[in-house]
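Both complexes below contain chain A, partnered by chain B and then by chain C.
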Partner chain A sequence: MATPTVADGIRVCYLYGVVRADRQPLLDGIAGVGGTPVSIVESGSVAAVVGDVAREDLAPPTAEPDDATWLERAVLAHEHVLEQCLEPGPVLPMRFATTLRESDDVLALLRERETEFSTSLERLRGRREWGVKARLRSSEALLRRVRMARADLAATEAGLENRSAGAAYLARKRLDQEIGRAGDDLIARLVNGAHERLAAAADDSRLMTSAQPRKERIFLNAAYLVAEAGEQDFRETLDALGAEHAEVGLDYELTGPWPAYNFVADEAQL
Partner chain B sequence: MSSPGAQPPVLGAYRPPPPGTTNLADVLERVLDKGMVIAGDITISLLDIELLTIKLRLLIASVDRAREMGIDWWERDSSLSGPPRLGGQSRESLPEPSFEERIRRLEQASGLSNGDGDDGDTDRR
Partner chain C sequence: MTAIVPSAEEQRRRELAQQVTLVELLDRILDKGVVISGEITLAVAGIDLVEVGLQALIASVDRLERMRPDTADG
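Here is the complex of A and B:
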């Protein structure tokens, strides 16, 4: 039931993020949410990156939940503007659809929060967020490794042949479960160790939950705040992990640099 | 769209994002769930759009689960099927009293409720 969307023509001030006033991004030709231009509102030592956006651009055009193209466009535009901000310096990324009525409200916000924003920006200076995911290509190599490491399980498996069909069936089920558990333990140990090493090479870290970790076989999904001077070291740590864990079928994937979405959450609790 | 290999749609007038950060799932996960939330007791009045955002996040995260549970409120919810109304619409004046309950069920279904609890904190006070 696609309800026709009535264009109400109401425009709002969309807040993408806050940057240092002396590190403003180049925004010429950058299209924000809804294809609208992006501009700067400045107050003291901080500046807000804003856009004049129609309210319809933030609402689904139809009631059909699968038609999420509008959201993808808006979310990618949000990200794109923030990536542009990331070039000259740090940015405090706002959550999607942070919206105020007009630019005067943005000014008031900047005045009220200037100290907090400055402190947060200072903390992010010279640091960037990177994302790491560890994905299990297949469980084959992992289970092979478990069988090698666990002589007791291998012995039980070998002994199955001498048993009656019924007993062997039940023993096989129990064995498979045990191998599966051992596999889970092993992979948890590997990714926990990986996270510790990556976190040690970073200034800060956050574990992120993945939407469907089992389905996508993602066993580590984390964000790291890394000093630019330490990026080489961080990458080398990741490369080493990739090389070490390739034999069990774990692939490491690096994304970024991201606006520091995962490292501004403390402010959310104000 | 949560599949790791999903490609972003053709973006028309948008400049494509730089390579290396184009995985839509990664972007959605950050832009919708992370980032700074401007809320709390500041004197500026935000639009009720935050509530809409929460609903959208739930919608995206839990459409499949919600359908399994037989929840289809977005098909009847006017603020999702058309532009939201402006002015004076506070959380208190929202329709049925069961709204919070439905949100809660969706949160549980999507696993969003065991996070930082920020959804409740975005209320204007």
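Here is the complex of A and C:
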């Protein structure tokens, strides 16, 4: 697969995020995309976190199109800078590879949208994004639970022994389908309830979709915006869910705190 | 002095944990966040180029996920 090269020496202004002018992060020694230093462009009550980046740091090397380490390095750098911004206060994370020509353009952007940016920053103040995934460890425990809960299915299963091989085969197939459906229903009910309880312990929530290929075992993938004062409550809710749902094989994974990527979408169409 | 070398299993586990976090990150960074639209921004990387890398990255995460002991029974 041939990909065009952009090794043309052109440098651009990479925009990581926007912070409050009075809550600026410490950026000394922080390496941004392409290992470049990170700096601040300030205007009024808001400040942009930017870097001077080569175009080629945002594109794959032509030699090996299957090598994704360039992207991995760049996204990790983007995240690293934003996590540094999270320390002193809220940050509006920009989408990956948001680039402008020069810092004067950043200044113009800040002037034009200062009100919107500061309103969004105010909404995120004292709140952090957490990610929760519920994954089914194996379907064994779940199906055992379904057989226990559904006496009718268990009875049908027991009755299979008395039937002829052909009839038993078809009945078994139908039964397995029905058990599978009942399992799906049970999981859906459990994770919907989990999401409701987590959302109640958070200020805001979003269901997410994942690019992950093996997502068939992921039954809940959500982001929650949680006030720092409510973090303990949120974690306790999650721990309780984990304990309750362990017997059906559901594991809950917590990630974060993240820059509030999922809670700035309303600002996307400024 | 004895250097503690992690076992292959331990190394794989660590690598997997990193890659899984990377998936979480990719789901956010490429799909969420503030989008600045209009003439002021440049289409530098180009979505196509990011896509190329993303496919390769997801393929590598998928390979690791398949080795996950928890999901090996699927």
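In the analysis below, the second predicted complex is superposed on the first by the 256 of 270 C-alpha atoms of A that agree within 3 Å, B and C clash if a C-alpha of one lies under 4 Å from a C-alpha of the other, contacts with A are read in each partner's own complex, and residues count from 1 in each chain.
In this section, a contact is a pair of C-beta atoms (placed from the backbone, for glycine too) under 8 Å apart; a residue touches a chain by one contact, two chains touch by 3 or more.
A quick note: this is a predicted structure, and the numbers were derived from the prediction, not measured.
*Asks:* Could you say whether A:E140 touches chain B, chain C, both of them, or neither, answering first, second, both or neither?
*Replies:* Touch partner of A:E140: chain C, not chain B.
*Asks:* Identify the partner contact of A:A97: answer first if only chain B is touched, second if only chain C is, both if each is, neither if none is.
*Replies:* both
*Asks:* Name the contact category of A:A154: first (chain B only), second (chain C only), both, or neither.
*Replies:* A:A154: touches no partner chain.
*Asks:* For A:L186 in the superposed arrangement: first (chain B), second (chain C), both or neither?
*Replies:* In the superposition, A:L186 touches no partner, neither chain B nor chain C.
*Asks:* Determine, under the contact definition given at the top, whether A:A171 touches first (chain B), second (chain C), both, or neither.
*Replies:* neither
*Asks:* So, does A:R55 touch the first partner chain B, the second partner chain C, both, or neither?
*Replies:* Touch partners of A:R55: chain B and chain C.
*Asks:* So, does A:W70 touch the first partner chain B, the second partner chain C, both, or neither?
*Replies:* second
*Asks:* I'd like to check the shared interface: which positions of chain A are touched by both chain B and chain C across the two complexes?
*Replies:* Comparing the two interfaces on chain A, one with chain B and one with chain C, the shared residues are 1, 3-4, 6, 12, 15, 17-18, 55, 58-60, 65-66, 68, 71-72, 75-76, 78-79, 92-101, 105, 108-109, 131, 135, 208-212, 216, 255, 258-259, 261-262, 264-265, 267-270.
*Asks:* Under the definition above, what is the set of chain A residues touching chain C in their complex?
*Replies:* For this pair, the touching residues of chain A are 1, 3-4, 6, 12, 15, 17-18, 55, 58-60, 65-68, 70-72, 75-76, 78-79, 92-101, 105, 108-109, 131, 135, 137-140, 208-214, 216-217, 221, 223, 251, 255, 258-259, 261-262, 264-265, 267-270.
*Asks:* Across the complex, what residues on chain B touch chain A?
*Replies:* Residue positions touching the partner: 1-4, 8-9, 11-15, 17-18, 20-21, 23-40, 42-47, 49-50, 52-53, 56, 59-61, 63, 74-75, 78-84, 86, 111, 115-116, 118, 121.
*Asks:* Which residues of chain A touch chain B once you look at their complex with the stated criterion?
*Replies:* These residues of chain A touch chain B: 1, 3-8, 10, 12, 15, 17-18, 29-31, 35, 55-56, 58-60, 62-63, 65-66, 68-69, 71-73, 75-80, 83, 92-101, 105, 108-109, 112-113, 131, 135, 208-212, 216, 218, 255-256, 258-259, 261-262, 264-265, 267-270.
*Asks:* Which residues of chain C touch chain A in their complex?
*Replies:* 21-37, 40-42, 44-46, 49-50, 52-62, 65-66, 70-71, 73-74
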